[in-house]
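Take this structure first; my questions come after.
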Amino acid sequence: MVEIFGIAVSMDPIWLTLEVAGWTTLILLLLGTPLAWWMARLQSSSKIVLEALVALPLVLPPTVLGFYLLIILNPNGYVTEFLRLFGFEGQLTFSKTGLIVGSVFYSLPFAVQPLMHAFEAVPQKLLDAAATMRANAFDRFFTIAMPLSQRGFLVAATLTFAHTIGEFGVVLMLGGNVPGETRMVSIDIFDHVESLEYDQAHLLSAMMLIFSLCVLMLVYALNRRFGVKVG
Amino acid sequence: MTEQTTHYLRGRLQLELGNFKLESGEFNLPMQGVTVLFGRSGSGKSTLLRAISGLDKNTRGELSFGDELWQRGKKSLATQKRHIGFVFQDAALFPHMTVRQNLLYGVKRLPKGIEAADFDEIVGRVGIADKLDRGVNFLSGGEKQRVAIARALLLRPQILCMDEPLSALDWRSKAEMLTLIEELVAAYQIPVLYITHAPAEVERLAQNIVFMKAGRIERVESLQEALSRADSPLFDDEGAVSVLQGRIESEERGLHPVVFGENRLWLSEASTADKKTVRVRVLAKDVSLSLSDPEHLSIINHLSAKILELIPEKKHRMLVRLQLNDGQKLFAEITQFSAERLGLEVGQELFALIKSVALTE
Amino acid sequence: DTAKIAVAANFTKTIEKIGEAFSQKTGHELKFSFGPTGKLYAQIKNGAPYDAFFGADERRPLKTIDDGTGLKESYFVYAQGQIALYSDKYPVKESPLQVLKEAKFNHLAIANPKTAPYGERAEAFMKSQGVYDAVKAKIVNGESIAHAFQYVATGNAEIGFVALSQLVDPQSPVYEKGQYWIVPQQDYAPIKQGALILKRGANNAAVKAFMEFIKTPAALEIIHSYGYSTP
Amino acid sequence: MVEIFGIAVSMDPIWLTLEVAGWTTLILLLLGTPLAWWMARLQSSSKIVLEALVALPLVLPPTVLGFYLLIILNPNGYVTEFLRLFGFEGQLTFSKTGLIVGSVFYSLPFAVQPLMHAFEAVPQKLLDAAATMRANAFDRFFTIAMPLSQRGFLVAATLTFAHTIGEFGVVLMLGGNVPGETRMVSIDIFDHVESLEYDQAHLLSAMMLIFSLCVLMLVYALNRRFGVKVG
Amino acid sequence: MTEQTTHYLRGRLQLELGNFKLESGEFNLPMQGVTVLFGRSGSGKSTLLRAISGLDKNTRGELSFGDELWQRGKKSLATQKRHIGFVFQDAALFPHMTVRQNLLYGVKRLPKGIEAADFDEIVGRVGIADKLDRGVNFLSGGEKQRVAIARALLLRPQILCMDEPLSALDWRSKAEMLTLIEELVAAYQIPVLYITHAPAEVERLAQNIVFMKAGRIERVESLQEALSRADSPLFDDEGAVSVLQGRIESEERGLHPVVFGENRLWLSEASTADKKTVRVRVLAKDVSLSLSDPEHLSIINHLSAKILELIPEKKHRMLVRLQLNDGQKLFAEITQFSAERLGLEVGQELFALIKSVALTE
């Protein structure tokens, strides 16, 4: 609990939110990168199906998405059983893990779409040139495609981060709103509203807005200044 | 600079790209000196070169280089294992790296046991020693191509592939680069597969020429064979051309004498590199004919020759095929009006006049 | 011990107050998760790690017993909600039924009768008084009683059935503004809010102690002070 | 009410959702186009601030956004007062208009970002060429920039439409959940979940998913086939 | 094809683009025939042309065309009101329209009272009549430029601006387009502002030349003035060039006689258009000198001339400036060795020999 402008706010949800958003961003970059690379190189009509599937979380109301994730990730469900085979203990839902899993689904399109577009813009000729210099496919990806897509990574990371910060429906459903464990800022604000503590709600909203505005401005500025020009 | 034994690149390759079908037919190319792929735009030169390099996954057919198998049916050896170098039309430098990083990219990836060429030597020869730490976006077109060439040479490839390496350059850079490529090929004895549209580049560099048409290899000829046909596709642009080979001697009064048989040509420009034999490119339209050895004339190159053939051409022109007394052939293009006036006949002995300033090596 | 307790949103502030007193007295730590009762139920059904469940009605806590997650013998009614008709424009204190019958207002806020017992009782009350048809077209549904209250508090609805607890809270934005009429308890079925211990909390000392504590006079006083009655 | 697989579902929320999503898309294209065009042509650092501002609705939890819209758009607030000057009658909240206004805010980045990127990619030379052929600025925009940005419009329209369909927090807060007027599919699904009518919830979710998947696939297919190649 | 009075384009323009600063200095250009902007890459030619067209909003300075004020300080008349046509290097056709729609784009926007040029005539002359309903992405580079030119001409602009309209084309298309532009300029009498790097284009088209350097107009010269300087920037590429103007007479024995003064040149190619005067471009290195009028020689063009000047050049060459007997000047480039051998001196009378086949109109 700290006092800001004489209003007592708990900082836990803020740190938790940043932590979950950070992990989500990291995981989505790690998982989204190979997916986006693969999709960028697909030519067939399966690409269209995949693009649509990746965009689906946009369409589902987050609470509904959360509800179905709750059912799928239930500790007696197949997914958890499957993970137990690999020595996983504990539970996917109602934990930080659960929040992160939910957010990863929810923000999937925000990571994959910019990455895919960035990868599509990497000139084939440069990859060919690297191949003639004895770089294998992995090597080409890491030394040519990735550095040339840095804008895509920047956009993907920001959108994912921002979107996870603003996440509400999924984390409420999946997390269970346990203080210090799964209560994120968005839920905290809403709880304040519900229990008529408008001052706290306003303060937290303002903090979130200003923080996000700063992050976004920084990223857009970097994006314009340091983009590698290709071609 | 060791002498290398000649390997052959042999096989037949197929590749479909949309509506275009490459179907090379059997080929067996000696990989020695420069082999030029020549043909009209869209004839499939780039496609063939990419298929040879293994850059297109849909390539089918057979390909072997010496006793290495590069392609059999769908199975193909990955590009990075073929020990080739590739120079693309637009250089294809990595924009996020400096010149030095571009140059070392391939060197770092050489397997143990294969050594890179001497960095300083290549960089110096190609003329980019003072630009190593620049970003590649701050290079001119010519400089970019130099880096691309150095980058490929550093790997000491078994074959160097070049897809129109000069076509994006202005005339000045083009001329410099052509000299450079010629020098490098001579110095490092690396076989080159070279794509170009420009007959001047062919005549300057080629040992053998692969003529392509509509996705097929139409024929493979040595440069001399290709130049002896009056209807050679090489002549489409500036008309017939002869390439004379001779021994260069030391400069006299600002001119460079080139000797073949009893004849002697005076060149006004020649590279200072200590080469013994040079190729002199003579446009047929720069050759005049005289029945007697003329005096009081600024033209100093008078070669005695014999008429082998008179080939009427369109636009009232006449192509005269001559034999010089060391056996080399020379084309002269004159008007039919002149031919009649001089009463030219096959077998006639006369003098071919060529202005020195019109000649380049 | 530490216990996690799922609590219907309407009871947020009350239970926080009681929890503070409880922790001070016993040293046990309580973590409250707030949410709409239906969502809490869905979470519990899907493996949420709550030790106890405080619902906004009787139906959903009792349903956990059928599911096998709730402990039947621990069930009790911990509070009875009271509904009040509030307005800052109309004389609801003097002539509540008249105001409803005339229905001059644009919007009447109630909680969604389908999902929230407060709304269901409000609807039933109006039907029994024969004013429902007059106001039917003016009704707007809040997702919960808290949401219905927000409609009134922000001036979007001029009148609404809210929980008494929301009016008597000194922090309430409408505290001592406007006027309200407490619907007589005999005119509607009591809004019994049921609570029980969940299987997970069966052996949790903190839960057991809290379930006892909430029945003590000290706790009851807090409950009453927030406008709830007890059986 | 219709029966599908023996489950009774009301079609009203579905039609309403499509209607609101349609209007939102239309309005955002109309408003977003000039905004995006203006932003695309800005060079100064104010562009960065604007980009960040436009992205902000991504960061705000929709429920929080909805809460603030509820405050801002309340019938006694400045916005409504201002609109009354132009003869506006009625209320922004609890109406289809309100839902659309909320959705417009919520989906703003999804319309403006793709349009801005598309406009940035229109070659200046073509606009110059049009100017030398006596086309004024408006004319150039409509005859050159717009047709060349058709992919951007397609992406903007789909994302906006999809995102509005999946909208929950804002419409829930702002709409009042009036059946037939402001109850959208997402709320309907949620209400079914809350009142434990899981069959209906599953059916509606499945319908939404399949419909959205079809729309998205159609759009991505169109996007690849009919994009005008520039340059 | 009415005679037009000559308007002047006068003013001085400034424009800053990043580090580059255009500061034209005062100019006063007669808008008649083709005015070429010539200069090295980066000298600001395109920037000046865009400033003149009003395409860059940051242009400052003064500009008027005839009695229309186009720019004063920051105030500038919008491009669409300047009645200019513009042909860009890469054609800049609208990719979402057919050829016909591209052509009619400007026509539809002409204000009442101004009539478009005859559609069928322009389309026919430019040679795209059979391609009107194609999408522009299915045209070759040369075809695209034809459409771009037709699109501009249809509006009957007061000035036609062309920024390197040929530089993206291959040599064959280039030659065709050059002939086309020349014809169109002659036929429609539209003043043209033309940017090029290529001296051949300058010599073929230019009436006046604006030499640019580092953002400034260095000087404005007529073509004849520019060609009479041995150090003209026009000669950087292929060496000195002379342009002779003469009257063309009807074909004889496949050759086209061009008469100037008492001299007569035989051209082997000439456009069949019924022009009276033609420009013949003679490279100095294609001109040989003879002290006597030689016989038995295939070269039929023997022009009697007098040496005006002997200009030693680098690489042991000598540039000889000659005056023909009708007063026109001709450059010959020979080796210094030849010059010494023939004992050339200023004032000496001799014969200049030019091969017909080396000449083009």
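The chains carry the letters A, B, C, D and E, assigned in the order they are written, with residues numbered from 1 in each.
One rule holds in what follows: contacts are C-beta pairs under 8 Å (C-beta built on N, C-alpha and C of every residue); 3 or more make two chains touch, one makes a residue touch a chain.
All values derive from a computational prediction rather than experimental measurement.
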### Query
Any chains in contact with both chain B and chain E?
none
### Co-neighbours of chain E and chain A - touch as defined
B, D
### Query
Centre-to-centre on C-alpha atoms, which chain is most distant from chain E?
C
### Message
Farthest chain from chain D, going by mean C-alpha coordinates, please.
### Response
B
### Query
CA centre of chain D versus CA centre of chain E: separation in Å?
55
### Task
Can you check how far apart chain B and chain C are, centre to centre, with Cα atoms defining each centre and the answer in Å?
90
### Message
Quick check: how many Å separate the C-alpha centres of chain B and chain D?
### Response
60
### Task
For chain A, jot down the residues that touch at least 2 other chains.
67, 193
### Message
Give the residues of chain B touching no fewer than two other chains, as numbers and ranges.
### Response
none
### Query
Residues of chain C that touch two or more other chains: which are they?
39, 42, 147, 150
### Message
Can you work out from the touch definition every pair of chains that touches here?
### Response
A-B, A-C, A-D, B-E, C-D, D-E
### Message
Please output the residues of chain E touching chain B within their complex, sorted ascending.
### Response
41, 170-171, 197, 237, 239, 253-255, 266, 268-269, 285-286, 288-292, 294, 296-300, 315-317, 332-339, 341-342, 353, 355-358
### Task
Would you tell me which residues of chain A are touching chain B in their complex?
123, 125-126, 128-136, 139, 143-144, 147-148, 228-231
### Query
Can you name the residues of chain D that touch chain A in the complex?
45, 47-49, 51-53, 55-56, 58-64, 67-68, 159, 162-163, 165-169, 186, 189-190, 193, 201, 205, 208-209, 212-213, 216-217, 220-221, 224
### Query
Which part of chain C faces chain A closely enough to touch in the complex?
4, 6, 9, 12-13, 16, 31-35, 39, 42-43, 46-50, 144, 146-147, 149-150, 153, 166, 169, 171-173
### Task
Can you check the complex and tell me which residues of chain A touch chain C?
67, 70-71, 74-76, 91, 93-94, 172-173, 176-181, 183, 191, 193-198
